[in-house]
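One chain, chain A, links the two complexes that follow: it is found with chain B in the first and with chain C in the second.
After this line comes the complex of A and B, so read on.
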């Protein structure tokens, strides 16, 4: 049995993701759910770093950990009126079963796809993608380059910002 | 310049003789981790001593002098006092989050600390997106502060955390813009390459006007990001007791305290690396004799010298200016620093494209 360091790290990260994603949905306190989600996103970033895709890992940290989670925590802090007892309402029986069934169906579909698909031989490629390659791919107009989606995303975010200002301004 | 990668690669070769490749890397990771935590603690102690002395000087006092020569052992006594204090557990609080919060702050701070190149070949995390990674991990600390404020179940803590959160999120924008300005000039985000390209002159001088503006904007925003100086609203003693760490005691408070001081060092060291050349000695292109003399001073000395100089500048600002109101803080950021940063970035883009720099 030959266990490499890569495998050990992957197993640890995968366990962290599994355990904390289950905890995220089972905990009854909303701020704890946000914290467990934070750990899941951390571990996902760890997997990107392990795959030597440090750009995506840093984006994961910047956008999800430093942005989305902070946003979640902020909105929880601003909206939750009951201080420490912010436990969720008990889920009714019918909704529990629908949730369980849809989760099971989702699991079966995912498992089917994963087992059915023939993957390429797995390789750890050492070495990083050059920064200017990523930049040119994001802002290029050739084949397999992403200027149009990038601009669309920018437009969408601008619309969000304007919408937020319109809603927030009460004049 | 002495290249530390000779030392590190020889250690790696020596370990590889006895252990398998994976195990050798693991042992090295553990050793580096212990080393960085030790350095972190030492810098925290130096910073606290420096803060006391500088603060005393600005207030026409002497500072600690009684314990040991120049009051040096005062800090050791303080560290021991902090370590043996009782950690109070509050009854009506979310204990898991309450205990977790200081560690989230510390993790973000240590990760950012690991990015800084101390001397040639003595860098721990050196990705090709190093600067971006640095900005990403330094934004983790906000979560720890928000969690601390919430889980303490105290109105003062919560208000302090909310203020701190909004302030840090806002000023991250200015930091990003000013750093982007330098990246546009340098053309790379890797710390080692940024330092290496300053061998013919520091970026502050190479990028002349836009670089100087970016430097000033960075220093203001970095000071606010550390919740210090005129921007220490989140822990304004007179209104909020101690802000988000009101309820913390013992070493949990100590972790917040240490993280705050080392964050000040980290932002200064980052500014020193990006604008003032990091470990790169002061070089003037053309004066080869002068450059060679400068090369005899070791890189680590240059790095720490520049960093502590910037720390001193930030402390000077802290003990000189009165505290801002919360609306003034947000106004300064959104109405002044962000527009200045955006205009400055476009000026720098023009300079970089047309080659109007040295």
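After this line comes the complex of A and C, so read on.
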């Protein structure tokens, strides 16, 4: 059995994702949860890079890791006070087991479906998606081209910025 | 080449960890962090399906890009709301936020 570099990288990324996503939802300190989420997002970006979607990985790094995590850390520091940690609030046992069992059942069902389903033939082409292809597809109006969602996303971002400022400003 | 199913299993695990966190966390910010896990798992799925099953198109990749943008929007607005809630009520634990009931 030969182990390729792809497999090794995938195993490392998968382990990082699994371990740190569990830590994200089980740690009792909020700031640590945000830091563990950062590692999960890094590993997700690594998966995109492994799939040869460098553009997507770069977007993930810039928007998620550089933007959203910073936003979270800021808001955690803005809203932190002595008894905000989850330590001070005991989760009821019933709620804990409800969450655990429903998540486990959902995972088992989905894993069963994934492993049992026969997908169409899988192909993996090495090589980067060319940047001009991405640019033409995102700014074109033909079939499989995405100018309208792109514009909508810009409008949505504008609305979100205005909305966030209106909501959060001091009166 | 790693078979596609392994990626899907990892992202499924990540998604249900997020669901578990959504059920059990008691702080608005940690609940939001769990939601981010779910959203990210979906993004990975889009990219993996695109790469392995339809490598000649780019739909999955663009949906992931737009979905990342949507998550940024969602996080920004939700965090603004949470900060306002904290400013008004000095509390962001979901068990304490029952003012609308009165």
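The criterion applied here is as follows: the second predicted complex is superposed on the first by the 155 of 171 C-alpha atoms of A that agree within 3 Å, B and C clash if a C-alpha of one lies under 4 Å from a C-alpha of the other, contacts with A are read in each partner's own complex, and residues count from 1 in each chain.
The rule is simple: a contact is a pair of C-beta atoms (placed from the backbone, for glycine too) under 8 Å apart; a residue touches a chain by one contact, two chains touch by 3 or more.
All values derive from a computational prediction rather than experimental measurement.
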| task | Could you tell me whether chain B and chain C fit or clash when both sit on chain A in the superposition? | result | fit
| query | Which partner does A:32 reach: the first (chain B), the second (chain C), both, or neither? | reply | first
| field | Broader residue contact with chain A after superposition on the shared chain, chain B or chain C | value | C
| query | If you stack the two complexes on chain A, which partner ends up touching A:55: first (chain B), second (chain C), both, or neither? | reply | both
| query | Taking the superposition as given, does A:164 touch the first partner, chain B, the second, chain C, both, or neither? | reply | second
| query | Tell me, in angstrom, the smallest C-alpha to C-alpha distance between chain B and chain C in the overlaid model? | reply | 13
| remark: Shared chain A footprint, chain B vs chain C, residue numbers 6, 55, 59, 67, 76, 78, 84
| request: Show which residues of chain A lie in contact with chain B when the two form their complex. | output: 4-6, 8, 29, 31-32, 35, 38, 54-55, 57-59, 61-62, 65-67, 69-70, 73-74, 76-78, 83-84, 128, 130-131
| chain A residues within the chain C interface of the complex | 6-7, 10, 13-14, 17-18, 21-22, 24-25, 30, 33-34, 37, 40-41, 44, 47-48, 51-53, 55-56, 59-60, 63-64, 67-68, 71-72, 75-76, 78-79, 81, 84-86, 89, 91, 95-96, 98-100, 102-104, 106-107, 110-111, 114-115, 119-120, 122-125, 129, 133-134, 137-138, 144, 146, 149, 153, 156-157, 160-161, 163-165, 167-168
| chain A-facing residues of chain B, complex | 21-23, 25-26, 92-94, 96-97, 100, 104, 127-129, 132-133, 135-137, 139-140, 142-143, 146-147, 149-151, 153, 158, 161-162, 165, 169, 172, 188-190
| task | Flag every residue of chain C that touches chain A in the complex, lowest number first. | result | 1-10, 12-14, 16-27, 29-30, 32-34, 36-37, 40, 43-44, 47-48, 51-53, 55, 57-59, 61-62, 64-66, 68-73, 75-77, 79-84, 86, 90, 92-93, 95
